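In the two complexes that follow, chain A is the common piece, with chain B as its partner first and chain C second.
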Partner chain A sequence: MLLDVKNLKFYYQTKRGIVQAVDNISFSIRRNSSLVFIGESGCGKTSLSKAILRLLPRNVAEYSGQIYFDGVNVMEYDDEKFRREIRWKKIAFVPQAAMNALNPVLKIEDQLAEPLLVGGLASTKGEALEKVKEALRVVGFPLQFMKRYPFELSGGMRQRAIIAMALAAKPDLVILDEPTSALDLLTQANIMNELKRIKKEFGLTYILITHDVGTASEISENVAVMYAGQIVELSDAERFFCNPLHPYSEKLLESIPRLRQRRDVLEYIPGQPPSLINPPKNCRFSDRCHRRFSKCDHEPPVFEVDGRIVKCWLYERGE
Partner chain B sequence: MQEKSVLLRVENLKVYYELKKFGLIHVGYVKAVEGVSFTLNKGEALSIVGESGCGKTTLAKTILGLIRPFAGKVVFDGKDITQLDRKARLWYSSQVGFVQQDPYGALPPFMTVKRILQEPMLIHGIRDPKEQMARMTKILTELKMTPVEDFLGKFPHMLSGGQQQRVVIARATILNPKLIVADEPVSMLDASVRVEILQLLRQLQKEHGIALIYITHDLSTVSYFSERIIVMYAGWVVEEAPTQKLLDNPLHPYTKALLEAISDPTAENLKTFKRVPPGEPPNLVNPPSGCRFHPRCEMRIDGLCDKEKPEYFWIDDQQRVLCWLYKR
Partner chain C sequence: MEEMGMTLASNLKRILKYFLVRIIIMAITLLIGVYVVILVANMGGAVDEIRKSEIREAVGRRLLGDENYRIMSSEERQKYAKMLEEIEFKRFGLDQPFLIRSFLYLKQALTLDLGNAERLTSDTGSRKVKLIILERLVPTLVLMMTSFLILFFSALTFALFLSRRYGSFFDKMIIALAPLSAAPAWFYGIFLILIFAAILKILPFGGMVRVPPPDNAFEYFLSLLRHLVLPVFSVLLSSIFISTYNWRTYFLIYSNEDYVEMAKAKGLSSAMIERRYILRPTMPAIVTSFALSLITQWMGSITLETVFNWPGLGRRIYEAISNFDSPVIVGANVIYAYLLATTVLVLDVIYAILDPRVRVEATGGVEQ
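Right, the complex of A and B next:
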């Protein structure tokens, strides 16, 4: 296992109470595989990526659990050690709205060289620039644009630059938080193609975070569905897309308009997710669930069905 | 198509934004919409599909009368709306409704839902509180925001994204318009509520016989939503066809690429690469010569596509395409 997360909790303190953004999440990823987190906005998926990278805001109320990276519990590292050894070198991050994540007053080449110089991965500027060039070549970024500023580039090019920045340090694991959501359709498809190719070529491991199930299916070997701060289903992609287990996953897949297999009536999920401040003690989806029954008044444990994990009372006794 | 059922006719519309140096000296134009023509019948739903920067929002704003076109006509109910005086503009604004992309940005944060919905009625002289209340109750009930009283006193930040978008739709339809222009109405919403909003909008449109222009980049939703599609690229309409026909049999290379780029969620996607054209849409200040899509096109005919602007070729009386490949 490259990454093994156990009982990860990440709560924020706000004026209205404690927001349980990531509540007791456990999962693991093998090397060279990929895991996609699917969920609606506000389900805690971005908080999860921040928690793995330990990019914590000031108002943390609780941050606990174990994160084993390559067998070592990195939660025991202090912040300085984590910053020096793990973040960016082992686990890189492609942030959401990456086009705005670039510093507007730095040229692309300087911007990409900076983390390499700061992290000690290159001793001279020239060496760093060589590495930057290599990374840019990998993502299909035209090298003649290296001396440009971010505003002189299109959205797709900026996104490629950000991906190159994450790859330049040769990490093992890349966390991609909505890598294509702000881009045009054709650019999206192009970037997805690049990501797939890069993964194969360099044997990378991906964690992809997205709300777009179509995009998710492009890159996922495994799928984790998040709802209200918890993982409700964890499955391999093949079985997940044909036969989702959790009622939420089922409805979510049915609500996606499809181009090729047309359905006459689209389903939707009535209502909205619960607030993560004092979330309900019962199953968090039960208010919106179409298969609710008496047991749903208690919080369901995690059941295992043929190697898939599902948090729903329907699957008690492995039904 | 009979002339009397036509609600909106756009004729050879050109919308340019002027570029100025130091705010004074003319340097050029951004040709956002170039030579767009189409008609919309009463009660019909039309989708306009294209990537960002292809001019679809500019087209919408011109139809709404918010931008003055450089040339061409927008004829609504027999009147050219680019030439209206002040009084007629007020009339026009009661005939069209606008559903914006970002509901939170479109709702004033300091007004309650009630005040937001009253605003268009006050402007158009509906001052009787009973009449106002009746209209608000009716529209909110149709949009399934019940009990209505619970929502009227709320401010936009107290509502979820889906509810905010419903308030925007309610505001757009409260004056019983003949046309609604919806600019990416669901792109900011979550997948699970998207369909609900689209269905509500579609239901409203059908029940009241409102014509609808649905602007989107997402081809997978249009088949549930409209009868006809217009595909735009770099300010041009490159293809027009009835929805199902376009999805089953796309003709323009750009339309084909758009369809190819959409992934339906299946596990097979993992193993395949998409065949999409590289590159980005062109700069609209100096668009490429000839066909604007030719630098990215796999099927281009050298010597023709890069030199001469293509013409519309009608495949049958419903489908037209702007591409040299279909020259007879």
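Right, the complex of A and C next:
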């Protein structure tokens, strides 16, 4: 396993109480595979990516669990060691609001070369720039734009630059946090196709976080469904999209609009996810669930069904 | 190669054009500003009427007081007085309408031909407006610059320090102390004088140097320093907390930008993030604030200079205003306007160097 996350908890302190944004999450990912996290806005997807990279806000209340990277528990590293050894060299990150993720007063080439020089991945500026050029070619970023500033580029170009920044360091794992959600549909498709190609050609391992189920179905090998700070289903993509197990996954897939199918009203899930401040002790989805029964008043454990993981009482064995 | 040379030349042309336009705009602003000052300082011509009636009164008193004129009949005397008045009016240029003279003043002001004061004299007894202003400019700069530079850079340093330690004890302390800035510097000045000059007797009450001034340059400097301590501290006391608080909040906002978090994810050290991702993008704002606060210092501070008996420009301008000495008022404002215009122009250049987004405006955008 490249990355093995066990019982990861990441809570924020707010005035109204503690927000349990990432609540006891466990998953693992093999080298050269990909895992897509899907779920509604506010279910803790972005917090999860920040928790893995230890990008903690000032108001963190609890941050615990184990993160094994190549068999080593990196949670035991102190901040300085984590910064030097893990960040960007081992795990790179493509953030959600990529439009604003580039420093407005530094040239693209300087920003891309910077982590290579700081991390000791290139000894001279020239060497770093060569690596940057290589990465930019891979993502289809025109090299004559390298000397530009971020505000002189379109959104799609900026996104490509950031993906190139992540690839230039040749990290073992890339976390892509909704990399295309701020872009138009054509640019989205373009970048997703590039990602697919890069994955095939370079054997990239990545975690993709998205709320767009359509994108997820295109590009993933494994799928994790998040709901209210927890993983409710973890499965390989093929079986997941044909036959989702969890009632929430089922509803999520039904809510995708389809081009060739006439529907008067788009499927949606009534109600809202529970607040992550003092979440309910029962199954967190039970209030909105169409298959609710008596057991749902207690929090379900994780059940394994043919190698797939689901957090729902429907799959209790020995029924 | 040829193409590159051509783009360079056209870029240069654009930059020159940009600055030419800036200079023209600045010149027009200066022109309008100085003219308004002339109108206001002369109260739109009302000051002329005051001066005319003063001249009439003086002439009348002279005729009445002199026995030689008593033999004249009152009609003759009035005619004679009228003649004398006309001569005096002509001498002061009051025979022409104010509107025409206002443009004459404008020309003189802009060419820095500031002329003579009407009532004030310089400390050395001269009536030259230039001397009256310049002899006070230096002490004002010594006081205001010293306190401003200490204030600005220490506030900036503290603010950076606090933005790294959001919510810490020091952070909370600065926030709690910020209301101290509700009182002006001279208020703290009175307190400091009371404590350190009147009770403890370790620092002077006021003035710029000891009386009589020391002959030795080094001793003169030491004496100046001793006299600077209290006024500088009162400025610091009244502004440092709010200023630190302001900058701290500013840095906090900027350290929440996505690119700062990104820099963290990239594995940069916190010193590097601070330098390249917080200070560098905020530098234009810091420079602007620095330059604009700097020029407000040049006018001095009337009350602070009065409390510390400091021979500064602020007090001189106050005297000029209360004596309707319009040449001095206009002169001070013209010098100020020139300083302001130059600063803004320099600021434009620095901005273009610091911020690529402004630079593009200057070079007319990137060629596609």
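The rule we apply is simple: the second predicted complex is superposed on the first by the 310 of 319 C-alpha atoms of A that agree within 3 Å, B and C clash if a C-alpha of one lies under 4 Å from a C-alpha of the other, contacts with A are read in each partner's own complex, and residues count from 1 in each chain.
Simple rule for what comes next: a contact is a pair of C-beta atoms (placed from the backbone, for glycine too) under 8 Å apart; a residue touches a chain by one contact, two chains touch by 3 or more.
Just so you know, these numbers come straight off a predicted model, no measurement behind them.
Q: Tell me the contact category for A:Arg87 with respect to chain B and chain C: first, second, both or neither.
A: Only chain C is touched by A:Arg87; chain B is not.
Q: Which partner does A:Val105 contact after superposing on A: first (chain B), second (chain C), both, neither?
A: second
Q: Count the residues of chain A touched by chain B and by chain C, then name the partner with the higher count.
A: Touched residues of chain A are more numerous for B.
Q: Kindly classify A:His211 by the partners it touches after superposition: chain B alone (first), chain C alone (second), both, or neither?
A: In the superposition, A:His211 contacts chain B only.
Q: Between chain B and chain C, whom does A:Ile269 touch in the aligned arrangement: first, second, both, or neither?
A: first
Q: Based on the superposed arrangement, let me know which partner A:Asn190 touches: chain B (first), chain C (second), both, or neither?
A: Once the two structures are laid over each other on A, A:Asn190 reaches chain B alone.
Q: Once the shared chain is lined up, is A:Glu40 touching chain B (first), chain C (second), both, or neither of them?
A: first
Q: So in the superposed three-chain picture, is A:Lys15 touching just chain B, just chain C, both, or none of them (first/second/both/neither)?
A: After superposition on chain A, A:Lys15 lies in contact with neither partner.
Q: What residues of chain A sit close enough to touch chain C in their complex?
A: Residue positions touching the partner: 53, 55, 58, 83-84, 86-89, 92-93, 95, 97, 100-107, 114-115, 118-119, 148-149, 151-152, 162, 165.
Q: Could you please specify the touching residues of chain C with respect to chain A in the complex?
A: Interface residues on chain C, with respect to chain A: 166-167, 257-259, 261-269, 272, 276-277, 280-281, 283, 354-357, 360, 366.
Q: Would you pull the chain B residues touching chain A in the complex into a rising list?
A: Listed in rising order, the residues are 51-52, 160-162, 190-196, 199, 217-221, 223-224, 247, 257-267, 269-270, 273-274, 276-278, 280-281.
Q: Where on chain A is chain B touching in the complex?
A: 40-41, 154, 156-157, 184-190, 192-193, 196-197, 211-221, 237-238, 240-242, 251-253, 255-262, 266-270, 272
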